[in-house]
Amino acid sequence: MDGLSRLQAIRHSKTFEIFIITIIIASALLVGIKTYDMPQSVVQILRVMDWLITSIFVVEISIRFIAEKKKINFFRSGWNLFDTLIVCISLIPIENTDMALVARLIRVFRVMRMVSVIPELRMLLNSLLIALPRLGYVMALMFIIFYIYAAVGSLFFEDINPDLWGDIAISMLTLFRVMTFEDWTDVMYETMAVYGWSWIFFVSFIFLTAFAFLNMVIGIVVNVLEEEHQKELELDPNYVSIEDLRDEIAELKTIMVNRFPGS
Amino acid sequence: MDGLSRLQAIRHSKTFEIFIITIIIASALLVGIKTYDMPQSVVQILRVMDWLITSIFVVEISIRFIAEKKKINFFRSGWNLFDTLIVCISLIPIENTDMALVARLIRVFRVMRMVSVIPELRMLLNSLLIALPRLGYVMALMFIIFYIYAAVGSLFFEDINPDLWGDIAISMLTLFRVMTFEDWTDVMYETMAVYGWSWIFFVSFIFLTAFAFLNMVIGIVVNVLEEEHQKELELDPNYVSIEDLRDEIAELKTIMVNRFPGS
Amino acid sequence: MDGLSRLQAIRHSKTFEIFIITIIIASALLVGIKTYDMPQSVVQILRVMDWLITSIFVVEISIRFIAEKKKINFFRSGWNLFDTLIVCISLIPIENTDMALVARLIRVFRVMRMVSVIPELRMLLNSLLIALPRLGYVMALMFIIFYIYAAVGSLFFEDINPDLWGDIAISMLTLFRVMTFEDWTDVMYETMAVYGWSWIFFVSFIFLTAFAFLNMVIGIVVNVLEEEHQKELELDPNYVSIEDLRDEIAELKTIMVNRFPGS
Amino acid sequence: MDGLSRLQAIRHSKTFEIFIITIIIASALLVGIKTYDMPQSVVQILRVMDWLITSIFVVEISIRFIAEKKKINFFRSGWNLFDTLIVCISLIPIENTDMALVARLIRVFRVMRMVSVIPELRMLLNSLLIALPRLGYVMALMFIIFYIYAAVGSLFFEDINPDLWGDIAISMLTLFRVMTFEDWTDVMYETMAVYGWSWIFFVSFIFLTAFAFLNMVIGIVVNVLEEEHQKELELDPNYVSIEDLRDEIAELKTIMVNRFPGS
């Protein structure tokens, strides 16, 4: 067994996978621990562990890259690119510079490697992402509703409370808050003190967005479920559709007509 | 190619559609930009752009009107009427008068032309509107629940807090707030200080409306989905219903009985 | 045409129904108007209108009672009993006594006659009530969860804030508030100041009730929908079940076997 | 009839079940009553009743244990173990020691015996628990999202408000609060004062969790419902699947081909 096939065996072994998941969990714990205040000695140990984890990740990515037969395929997977990028950036020694914050942020994003390594999580995320494009037009409609209400709100309420209605961006954030019902009556009572009719603005907005939102989310979820159910049925080798039955009956009729050609 | 058919070609071309959508987006951005404070020079430029957009809209509506063979059909579409109305009103020079606010409001509503121009958004809005009439009786029931609770609330709690329970309209707004769970306990604790039993009023109201609301919304959405699924199935040329199968089998039986008439 | 059949004709006429609905709406408006402050003259007019409406209701109930062939059937309908009760009580002259509040309350409940008179609303309410018994055991489970958490909460947090955790009834109200997410963190932070672990109490409670609640409501609604769909299918005279198909095929087999008994 | 079979008859009698449920309800009421302040005499009575209930529970568990033929089966049921444990611990005389709180807590958990005794509640809880493992990976994904956002939040916002973002555990609790929309804008406005872009952090988090949560819950519920529907269909002795129909038709074809072997 030459070096390459040995690497491939390692790369696809269960032990390798479990080891890497353990390292990612350790890296996640490290991120968590760092949010607590600790004595200098522990910080020292954590630094060493961090350096160790980075090294293991470099080795892991290298193994996966070398074990790939066609090198180009490696870069075709978005997850591989993500892994490589995260590991490469964490190699840059910026920890003690002005960009220490970026270094810590990169370490946080290493937790996302959990998703890239565990196939079930990768599939789950993909299924969520597949549902997104269907949202396209509904999101556009929601955005238009938000934009119009924000423009109207900014037009009338700017002088009442510039912190909430100062420009169209802030107004949209305020409307998002109203959509989540978060202290929306405080916002409303403030504007009602000046414009008595302004409850119509808020109540109609809540009706529109709540209705559109519910409609959208439930619609998509039920749709996805139906499709999966259909897919499952069709993958079942014993599955018989009504169309198959029709064909069977048609065949039966042909046999009969052929054997007794108008006796 | 004469003038009319050239206009019709323009009106149905993809380029024309994309150009108009671009102009509507520009008009929407203008509305957004105007909510920010800006130097006088930029305001001057925006005014010119606004004038330009209005002119383009006038030309567009004219093309669409002239390209229509039967002029009466143009006015039969609600969206055409909406577009024409919006454009006509924005032509009136009221910007520097007392009605400047109306002028700005009209410009905001021009963003809704996005819906009238993009067919997918128009369909989406239609499908939402179709779901509304089904709500008719449930809305009526909800309104009756609100009205009765508002009347009872106004009767008992008016003296406790006239800002929340002063008359039936304000009481209904307060109850809408309770339905969205927005600081509803503040409202309740205030009345409980006087009437200890008043938690029954609020808890029963929340149960009634939450249950009715959920029941209603999910009911409608699932209903609409089922219908669309059914429609899809029936549009599929390969679709075979169980009824079709029954007919096939009946035909087979007839053939058999005919060929062997009781041998 | 004698008096009785004339009364029956009136009772089932569309005009009579519309007239009664109009009177109920007027009665509802009266209830609403009374929540506003008004000059003495208007109050006088309202009193007359109220007296008029009560009289019309008495006449209406009388017509419906006399028009009923078997008098006992009249009292078998819960709605009739409700209508009669409401009208009878509003006849008692308690308006200027200590019980004036009760008199006003009865007038509010007259708005509910809307449901008893419009058949579609009556059906809708019935369908909501049908869904309730299914909730029986889930409600019991929810109540047990609430009771246990309220007892634990009262045990540990009573000294922290007796207004929220004083006894088991107040604790359950506080937990209902937590379930609706209404300022629940204020309640939690207060207890966390004494018992650091108490976030587990709140987070686990929210998970349990949210999950159980969602499970319950969606379960019931989808269930009801499926049953209605099934009912619809079976009412369709053209409906063919797979069972029917099986019988058809079995019959075909019998014909064949009978005509060619083992040739 | 010997002693054992008499015990078994008692154990499975309806009277025994109803008696035990009554005792559990009494025990639950006792727990509730104890949260109120009461005169010493009533406390004395409650103590006696508590002692009585404990005795009855001991007798009940003993009957159920003795009536079991194979003693090992008794301990195989989780509910039996739970009942025995609860009853045994409540026998320990710790009421007047430092652990009085534990004694009271145990009495609260006796209310959960309601679930173990009423079969319908036991089934309901089981069906909720069955749905949990499916949540496994979605819960993992949600936890990763929470963990990453909590790490980022702790990294940037720790200095702004250590009470909300002090370490990763507190940050996760704060994010849970944001997910329930509980005063989330207060949290956001506080961080926006320092980092203007931080609304992206909150809005994206709300979108991610709300979408994932809804997706998850509805997905599971609809799934469970479909399976139950399928199970019901298959338990129906008259149920005919499309596969059965295919077999019937195939049989018919065989009969025909056999009787007329290529005439």
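Per-chain numbering from 1; labels A, B, C and D assigned in written order.
Following the convention adopted for this analysis, a residue touches a chain if its C-beta (ideal position, glycine included) is under 8 Å from a C-beta of that chain, and two chains touch if they have at least 3 such contacts.
Because the structure is predicted, anything quoted here is derived from the model rather than measured.
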| item | value |
| --- | --- |
| Interface composition of copies chain A and chain B: same or different, split at half | different |
| Euclidean distance of C-alpha centroids - chain A vs chain C, Å | 41 |
| Gap in Å, rounded to a whole number, between the CA centres of chain D and chain A | 29 |
| Contacts with 2+ other chains: residues of chain C | 181, 183, 218, 222, 242, 245, 249, 252, 256 |
| Contact graph of the chains (line, ring, star, complete, other) | ring |
| Sites on chain A touched by chain B in the complex | 137-138, 140-141, 144, 147-148, 151-152, 154-156, 158, 166-168, 171, 181, 183-185, 199, 203, 206, 211-212, 214-215, 218-219, 222-223, 226, 242-243, 245-246, 249-250, 252-253, 256-257, 260, 262-263 |
| For the chain C and chain B complex, residues of the former touching the latter | 28, 31-32, 35-36, 101, 104-105, 108-109, 111-112, 114-115, 118, 120-121, 124-125, 128, 131, 173, 176-177, 180-183, 217-218, 221-222, 224-225, 229, 238, 240-242, 244-245, 248-249, 251-252, 255-256, 259 |
